[in-house]
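Shared chain: chain A. Partners: chain B in the first complex, chain C in the second.
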Partner chain A sequence: MAVAASIAVEERSVQVRMASPSRFGDKAFEWLTLAMALAVVVLVILIGWQLWIGSSVAIKKFGFHFLVTSTWDPVAEQFGALPFIYGTLVSSLIALLIAVPLSIATAAYLTELAPLWIRQPLVSLIEMLAAIPSVILGLWGIFVMIPWLRDYPFPFLKRLFGWTPFFSGPIYGPSMLAGGIIIAIMILPIITSVSREILRSVPNLQREAAYALGATRWEATRIAVFSYAKKGLFGAVILGLGRALGETMAVTMVIGNTPQIAASLLKPGYTLASVIANEFTEATTDMYLQALFEIGLVLFGITILVNLLAQLLLRTITTTSATRAVQ
Partner chain B sequence: MHLERADNHTWRKIKSALASTIAFVSAILVISPLGLVFFHLLVNGAGSVNWDFLTKLPAPVGAVGGGMANAIVGSLELLAFAGVIGIPIGVLGGVYLAEYGSARINSVLRFLADVLNGVPSITWGVVVYGLVVLRFKGFSAYAGGLALGLIMIPLILRTTEEVVLLVPNGYREAALALGVSRWKTIVHIVMKTASRGIITGILLALARVGGETAPLLFTAFGNRFWNHSLSQPIAALPLQVFTYAISPYDDWHRQAWAGALVLVTGIFCVNVLVRILTRGHAASVV
Partner chain C sequence: MRQFGVMTKFELPKILGLIVALGLSASASAQMMINGAGATFPYPMYSKWFDEYAKVDPSVRFNYQSIGSGGGQKQILAQTVDFGASDGPMSDDNLSKAPGKLLHIPTVAGADVVAYNLPGNPALKLDADTIAGIFLGQIKKWNDPKISASNSGAKLPDQEIVVVHRSDGSGTTYIWTDYLSKISPEWKTKVGTNTSVNWPTGIGGKGNEGVAGQVKQTPGAIGYVELIYAVQNKMSYAEVKNASGKFVKPSLESITAALATAQIPDDFRFSITNAPGADAYPICGATWLLVYEQQKDPAKGKKLVEFLRWAAKDGEKMATDLQYAPLPDSLQQRVLKRIDEIKM
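Now for the complex of A and B:
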């Protein structure tokens, strides 16, 4: 690269003397590509600005209370986002509890434990799972997953843990738990593929040292690989959290869409993203629309912070391949 | 003492085998939703994908039959419009990062692109609603296409940058040594060499936004008829699947499954195409 650059510089100085017309072409092309690259800066600012001006009246009217009150009454124009913030956090937490152990175990299987011939086909299947659109998973959730959950696992959970507040009350089907499960399915592929890249970037010397000390395969994975990759794996989990918080269609279709804060995971909930999806086109008054814009701003703020954290964690050990998997 | 050590060794072996088994079961669990979704798509959808479904407009509410032809065409129109916005900006931006940008500028731009990739797709819908729909007082194909196009920019930018960086420097040096100007070297030599990877990135981005619903809910909005002007609301396949799935009508549920099957088939065809494009180039692209 350095060589190419220096050659480019020399070539440019030659062109200065020759006053070749392509000197203009070079400058123009560089500026053109720069302008396009700056689109990412413009877009980040544009999103923040548009959400801010779209909700400025609501922000002024409700202030900090918007985040901590739980009345959502469009008729009385009283808006509090707490049930949605609660629903988003709880459903994402459920999703992480399910997806993280499965994803990291799968990543370890793919890099450390699986027979070589099985690895590539498995990776392809996981990429295919990632390609399934959210709305289709939601469709499957409504007509296949929810009836099944309602008939078998939910009664079972209720019988076992019904005495705790988390699994008490009647069984509806569409519920916080169903939402969490569907989000878990959505984020499995990304956590798995990023974790896999992280584990792959662990130097082989680590493993060889462990084996040389007589470690078994699992011991080598646990001691030499996991402890080395701890920070990166944490980054992968946070990245998954970022996706979970913003997941919209599939959750909207199975979570029940009821703005309430209930301890029972078998009761319906609501998330920030789903309230926007459901109510945006129904927002008849300006203040209603403003409140929904503010929900968008809150969601954007949370996901930006979570993503920044994930990028920082991943950047420290990043190889290009790890960031590639991020997409 | 000796026996004890042997026991310990056996126990460690068992533990290792147990861990491998758990990891194997996890892998099966991770890919099982894929199999289940496919199975149910085929069972519930295959019977309803027929000529009528692909060529007819939706039947009036309550009536049985009809199809999703307008949604299929609408999705293609939206993708074309999204491509017009997302492809040039993403590709040229990626070229800047790979060819011109200094290390510091690049790390900032890359960081922002990765952050943008993490922005929930519903947020893009809200932003485009504020930018376009409120301003021009109406849902439109333009707004929907713009939302999808903006989502494509950071995706294509990152893939383009990576494949352009993979072009060996010798190619650039050879062209420059022949007196070819820098921009022509980049366009005719570098981008051409990387074209397979660039196209792969574009196809993956199209497949990704082709299945997006959230950004279209209040931009493209949906339409039960043919769209005759891009300034009017337009139907899209994922949007139609969503509307039908949450409707109370059995016949619409049946069509939602059929629409989902068509959508997934389209997306997987693109993914297979990508695999064919990158076959034998596994190390060089994506």
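Now for the complex of A and C:
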């Protein structure tokens, strides 16, 4: 999506330059927008720099161990981020596994199948879901979702899959799985609405061509619509993932906040964003504060890394499908 | 250019008028602003004080940000506020960073109660060893002989104990771990005292509401919350055996009793957990205001001292209405003497 957008921007700027080679207004406009775009870049660099400065003592003291050890002990000032990194990645992954199929199916239903009288109310309902403040979702999580999960779905999952390490152990309620489910609910609206826009932008010609070849509705959606929109849908998922990694308040309220690495998804976990939210206000010693800054730096790094990986993956997907098309 | 000049001439009176109006309104509200930041636990108390004090002295206004004890200590050290507030006394290490002598002024106290969720919610009595055992993860079932020993009448189920603790750094946790460190050598060496610690067992809930929510909904759960919170949420909480061997129910009276019998050093950096008094509830703690002995701005310093004096005398009387325990008279006199030592 980003690649397509940059190509579009390039084309447009070429046109503008050709149409008006020497007009002051256009130049000023170009500089202004350039300055705005650079400001965003500078902002990101400054944030990274500040996190680095704020955690430099901790980085020096703990070095690489910070990333690979699991003790988080503010009293003894021993800090390791591994359980938080693990918790952030696993809870986001659970969220994607739940939210992506749901969101894309919803988007497909809305653009391809739904009659008009269902479409509009459903769209506004989904947008309303995005407007629910995180802390409200968290409260709902504590008082409604967790008791329900503990009484029905969790025992069911344990009965079916209790023999695997992923669903073993006692059921408390607050858990990695509960955290993942809350994040899934929070990223559903953004993935759905972006996917819907993408699917809507697929030219009708595509669908008509598929129907002309005798495709069923499912085949037309799969071949003509999804493969055309693949890149955009992937971008929608990445947007959702970005939100999932940084989601804080609601997750903190349901994940159980225990820095441990447990295979079982029914056991409590902890995320990078949660530990900052939890402990920052009462961190009184310097090293403690430094360690929390370093947690922020790690989260910053993971977010950038995941986005870069996603861009790479996107490029491989699109180039392989392009070569296949040529062959 | 000409057009621009014309516009300026036209707009000038308007702009001047605006400036005059702004100046007038600024001088009309020329109140002194005293800024403070810190602990969240006493915030309802302090904001009530500031409201009431505005009637006593309308020329001064308070701006208090409840950003947490850590933030309060940081800001008073950096001198970005006129007073700080903290739920735990400052460490020697942090005090040594202060540019001048910092005074601890205790204001009110509160208690941590041991809340639980058992079928039928029987009244429970717990002693220090049992509480430490549960939170160290050594006592795992409700029908453990250590629990039933002091609860002969209660029906205790063969059920797993689910420990719930605070996940956010808080003064509540500071009091709780301070108590456990005093009564259990094992806790002291393994875990220690802080606003957040490396918990040996249990799940973390965010804030009093998070712990209360999880205790209320998880059968077999046990956790600690502030007294006010347990009372408001109608939770069952245990009587705890104090240092003189008596089981005491947490209440404002038993907190003040702890304050009255605890050893209080001259710098007021005290802990009142496990106080020796017969009626003292063992798991409670005070909260402090932090001010410099030498005030930089004499006018502001004078107003601040006036307020502190008012708070120690009249403010204390409002504490019980808001479910905070006031300081006992003896301590109040010592605090007033300390306030008089603040220099301008």
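Operating definition for what follows: the second predicted complex is superposed on the first by the 262 of 327 C-alpha atoms of A that agree within 3 Å, B and C clash if a C-alpha of one lies under 4 Å from a C-alpha of the other, contacts with A are read in each partner's own complex, and residues count from 1 in each chain.
Note that in this section a residue touches a chain if its C-beta (ideal position, glycine included) is under 8 Å from a C-beta of that chain, and two chains touch if they have at least 3 such contacts.
In this text the structure is predicted, and so the values were computed from the model without any measurement.
Participant: For A:R217, decide between first (touching chain B), second (touching chain C), both and neither.
Facilitator: first
Participant: Thinking of the overlay built on chain A, is A:A39 touched by chain B (first), by chain C (second), by both, or by neither?
Facilitator: first
Participant: Classify the contacts of A:L97 with the two partner chains as first (chain B alone), second (chain C alone), both, or neither.
Facilitator: Neither partner.
Participant: With both complexes superposed on chain A, which partner does A:T281 reach: first (chain B), second (chain C), both or neither?
Facilitator: After superposition on chain A, A:T281 lies in contact with both partners, chain B and chain C.
Participant: In this superposition, which partner touches a larger number of chain A residues, chain B or chain C?
Facilitator: B
Participant: Who does A:M253 touch here: chain B (first), chain C (second), both, or neither?
Facilitator: A:M253 sits against chain B and chain C alike.
Participant: Taking the superposition on A as described, I'd like to know which of chain B and chain C A:P147 touches: first, second, both or neither.
Facilitator: second
Participant: Across the two complexes, find the residues of chain A that touch chain B and also touch chain C.
Facilitator: 138, 142-143, 253, 277, 280-281
Participant: In the complex formed with chain A, which residues of chain B make contact?
Facilitator: 12-13, 15-16, 18-20, 22-24, 26-27, 29-31, 33-34, 36-37, 40-41, 44, 88-97, 99-101, 109-127, 129-131, 150, 153-155, 157-159, 162, 165, 169, 172-173, 176-177, 179, 181-184, 186-187, 207-208, 210-214, 217-218, 221, 238, 241-242, 245-246, 253, 256-257, 260, 263-264, 267-268, 271, 275, 286
Participant: Any idea which chain C residues touch chain A in the complex?
Facilitator: Touch residues, chain C against chain A: 40, 67-71, 73-74, 88, 90-91, 93-94, 160, 162, 167-171, 191-199, 202-206, 210, 213-214, 217-218.
Participant: Touching chain B in the complex: which residues of chain A?
Facilitator: 1, 3-4, 7-8, 11-12, 15, 20, 22-23, 25-26, 28-30, 32-34, 36-41, 43-44, 46-47, 50-51, 53-54, 101-103, 105-106, 108-110, 113-114, 122, 124-129, 131-140, 142-144, 185, 188-189, 192, 216-219, 221-222, 239, 242-243, 245-249, 253, 273, 276-277, 280-281, 292-293, 296, 299-300, 303-304, 306-308, 310-311, 315, 320, 323-324, 326-327
Participant: Which stretch or stretches of chain A touch chain C in the complex?
Facilitator: Checking each residue of chain A against chain C gives 71-76, 138, 142-143, 146-147, 150, 170, 172-174, 252-253, 256-258, 268, 270, 274, 277-285, 289.
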